[in-house]
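Chain IDs A, B, C and D follow the sequence of writing; residue 1 opens each chain.
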Amino acid sequence: MDLSKLKPIKHIKIKKGMKANELVKAMKEIGFNAKYLGQAADILEIAVKDKDCMVFLGFAGALVPGGMKEIIIDMLEKEYVNVFVTTGANLTHDLIEALGFHHYQGSAHVDDAELNKEKIDRIYNVFMKDEVYEATEDFFVTNFDSLIKKKNVKEFLWELGRLLPGRSILKTCYEKKIPIFCPAITDSGIGLMVWSSLLREEHKNKKVYLNEFDDLADICDIVWHPKKRAVLYLGGGTPKNFIQQALQFVKGADYGVQITTDRADPGGSSGAPLQEGISWGKMLPKARYVTVNCDATIALPLLFAALKDRIKK
Amino acid sequence: MDLSKLKPIKHIKIKKGMKANELVKAMKEIGFNAKYLGQAADILEIAVKDKDCMVFLGFAGALVPGGMKEIIIDMLEKEYVNVFVTTGANLTHDLIEALGFHHYQGSAHVDDAELNKEKIDRIYNVFMKDEVYEATEDFFVTNFDSLIKKKNVKEFLWELGRLLPGRSILKTCYEKKIPIFCPAITDSGIGLMVWSSLLREEHKNKKVYLNEFDDLADICDIVWHPKKRAVLYLGGGTPKNFIQQALQFVKGADYGVQITTDRADPGGSSGAPLQEGISWGKMLPKARYVTVNCDATIALPLLFAALKDRIKK
Amino acid sequence: MDLSKLKPIKHIKIKKGMKANELVKAMKEIGFNAKYLGQAADILEIAVKDKDCMVFLGFAGALVPGGMKEIIIDMLEKEYVNVFVTTGANLTHDLIEALGFHHYQGSAHVDDAELNKEKIDRIYNVFMKDEVYEATEDFFVTNFDSLIKKKNVKEFLWELGRLLPGRSILKTCYEKKIPIFCPAITDSGIGLMVWSSLLREEHKNKKVYLNEFDDLADICDIVWHPKKRAVLYLGGGTPKNFIQQALQFVKGADYGVQITTDRADPGGSSGAPLQEGISWGKMLPKARYVTVNCDATIALPLLFAALKDRIKK
Amino acid sequence: MDLSKLKPIKHIKIKKGMKANELVKAMKEIGFNAKYLGQAADILEIAVKDKDCMVFLGFAGALVPGGMKEIIIDMLEKEYVNVFVTTGANLTHDLIEALGFHHYQGSAHVDDAELNKEKIDRIYNVFMKDEVYEATEDFFVTNFDSLIKKKNVKEFLWELGRLLPGRSILKTCYEKKIPIFCPAITDSGIGLMVWSSLLREEHKNKKVYLNEFDDLADICDIVWHPKKRAVLYLGGGTPKNFIQQALQFVKGADYGVQITTDRADPGGSSGAPLQEGISWGKMLPKARYVTVNCDATIALPLLFAALKDRIKK
């Protein structure tokens, strides 16, 4: 950092009717996490506009129940993102909505024992009715043979997307043939529904075999194709790690944005700043990257609103 | 909470050219902290529009160096806020800029020993040149007699505002006669400069006496005047507590928004959610309030952009 | 809570030579997270002493590199814990040490590009030499046929434990026949090493098939056996979720302790307090549980030191 | 950091009857925040044993209600600490207990409106009965003339300590003549009680004048006396800043330990790591220092138990 050429903080001025993109641009000229958010938009703008750059989205947390589904679908449809890695939980919630159910605006200040009696599941201040599991189980039982023919998780998830009636992340990945990975599919409602379908009389001698090493081989192959790679991590968990371990084979990503609220100092991957990835070869030493400490339900809509204004897609 | 009348999560859809206010409105219909930010805008909109409601702003943290100065000035000028309580640090940084100096866009990943050699002070990723202290000290030495005549901190700060050449929070409070409180003025650069002025030959037998009990009496009187009270706490610290202790005499505020990144569980006031204030009589039991966990440099510009679109001022 | 029978805070008094267990006992009588840590020790004491209670440990984060390995081995050997669920990363780090390599006391304030040149991988303030991967890969290539015969992840991990030369979590689970689950084994160095072994000439037509649905069936069966269940979650991630989803079939755990530094409000499972699990049927409404916000490298040694003093095992 | 001479992580082994000091020593050889806690004990041990070193304690947060009072008294009595800076809130809680009242073991999961009805004030999971204010007010009214004669806050607080019947931080500071600073005394229950005493018939024409610039001059003088300075910051707030601004005149402290749970990235002083202070001249570039991210109710008892075993006082 050249200390002789410092740029002044330009205090944000708010205008009536100000666009989200204008706000994000202004944030780049101030301090603390707003600056990082402003930088994140610039980095993603470059990455998404660059035809030589493949963008990997690691999507953890409970961001589908939290209200981010349409943004993700939009990012996938418009090819802001080329490879999608997520948790089984997010896909289960996506599937639930595709089957016509909802998540609800709830409260974090409630009696969980009462919710339990009312068969309502709580995800912080979001609610879900427990009844969704019956309908989703029916869906799995009905479509079981078609689903279990698939050889790996990616194809299983694409098949899920094909079968789903409603607009969803899963269907979008299927239709756009966007590689979708879920390194812990058995650790989710979807996993449980496959397992419980196997307990039914009509399916009981069948075998499900989704070869996750095949998915691993797949992503390790995919990282080699483009000239450049960008990562966008929303939260950490298995999605971040699964992308990062593949990137090590190409010495790391060229661009990176991470949005997390976890601390770095307890050592977990979800809170580790992107900079740490340079030591491992998960980010290139010359990479442009930034870690934003912010709830993704606030940061992602802002970021994506900025990007949509900047990118013709 | 009526569990039979739950409203579904409405996933945010981003449009090209989306306004910040539209984004904030959409956030209210989703989950996690975005929901709280959306609610915060609604609560402040009601409070600011209500002529019977006095709005108290508690402004802690390093938000002037962080880039929030113009938003605060705008809020004061347009009377979104009627009483202003802050730290000595924020006022010192405001004064520094009013005298023509800057804060700079820096980095958190630097060698602090090198910065020390280069006489640059770091506030996370914001820099300030140490040289500012000389000029500010000159300002105090020159204006000393006028400043020390004042009987309490509020009048001292108004006088500072009157004397300052440039646009600033201090000048705005002076010009608009907005009560301004700083419960720990000696704990700041301004405090140090008053003290060091006293060491100069020309001032050495003078006495400075700012009666802080007078300020305390002042705010305890102010809270009685309006029919309703609203609070906006950016961070916690002494500004939050100073407002809260006065509000206890009227059984608490009617409206409240708190933006903080501190945790509640270690027990400090800065992380305590507004709800806790109900037990103390700092918030009314029937109050509308929300605590948003977000860096204020991201949340405040969003909130204020939403408010400016909604409020004709 | 009976407000008429409140117990006073008993301020902690420190004696010379004070035992960790005495400290933890004293913490129970004060406030904030210390109180929770004190309660956690009592809850685990009851659970571990109760022969009718099965204890599930969910072990996420980078706690093997962080220095918790011997505590975990001790907990497994002495049967404080009966079922073990963890991440592939922790098992990879355990394997690396079992093969004679080390993790190192490093620093978080370093140039990651320089570490990258020196082939040192950083996990916050812990280092690991990149060279470990060669030796661990050799181990996999050599033992490949024996490993890939296994039908599910649990048996694969037991076989790993059997083959390892050194003291390790893996070996201990194997020797004690403690069910060990890793819901995302492909998302780890172990996963990568299996995959890369398949690329070798000598293994290239072989097939690896670890049926993770088999593991899922296994844990869903295990939860039915005991009269009571206790959970200890260190961090969140897949280990917590994998245990929780199985517990739903028995309406939830009787006892629970969670140690995490993640926030609840962004909605992720890792920061969700145990209380939230009651709505889902992951914790019983009448369960005794507590969530402690503390770095596990501080909280776990304290907790286990307290338990070892209290439990004859 | 010499990368060729790295020391291995020594996994903590727990023995039956393990002393807190042994645990803290073992923590120094592992990673994450445990390592920092281990280092903190070493740094404080050196500082406290060094007769040329003056130790400044900045004591923020609600640590008296939280249960840390006896540790602080012990540290003051045994001269582990030579200068004490705190918030008005902590002193108010100390005074309340000295007058025979208690804080109570409460809960964070309660109905604050009900607490309000029952006249119970909540500080996260600690309760206090509102009735304490009446008795404390009586104390102030009775002792008013003696208190208001004092010229600055330090002497006022010493006089408070002299007058108090019970064991307390205030009395200990008085008896040991330990300089005690409170840069925002009007921002506290003590401040309110002085102010309300002035409203009584018997005191109504009296004047209270505590010259806080006198306290500022006092601490700015004190920092010059010793050859070395150490700081221990529990939380941040005004106590940390008040010490830091004085230390700038001697180019910074030689030793430093900070215990906080606040994040650095939102830019506030409470979360700023000690390292940042080097740029300002608040810590010496060559200083030995460490920042521990941990709830002080857990970290401080551990630290002090370690110190008591190591230091003959």
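In this text, contacts are C-beta pairs under 8 Å (C-beta built on N, C-alpha and C of every residue); 3 or more make two chains touch, one makes a residue touch a chain.
Since the model is a prediction, treat every value here as computed from it, not as a measurement.
Taking A-D and A-C together, the pair of chains sharing more C-beta contacts is A-C.
Comparing mean CA positions across the assembly, the chain most remote from chain D is A.
Work out the mean CA point of chain A and of chain B, and you get 35 Å between them. Distance from the chain A centre to the chain D centre is 43 Å, each centre being the mean of its Cα atoms. Note: centroid distance chain A to chain C, computed from Cα atoms, is 25 Å.
Within chain B, the positions touching two or more other chains are listed as 31-33, 65-66, 115, 120, 123-126, 261, 263, 265-267, 275, 293, 295, 297. By the touch rule above, chain B contacts chain C in their complex via residues 31-33, 36, 263, 265-267, 293. In the complex of the two chains, the chain A residues touching chain B come out as 1, 3, 6-23, 26-27, 29-35, 37, 65-71, 74, 102-107, 109-110, 115, 118, 120, 123-127, 261, 275, 293-295, 297-299, 301-302, 304-305, 308-309.
Of all the residues in chain A, the ones that touch chain C in their complex are 60-63, 65-66, 89, 108, 112-113, 115-116, 120-126, 183-189, 191-192, 194-195, 198, 208-213, 215-217, 220, 235, 237-238, 241-242, 245, 261-272, 275-281, 285, 295-297.
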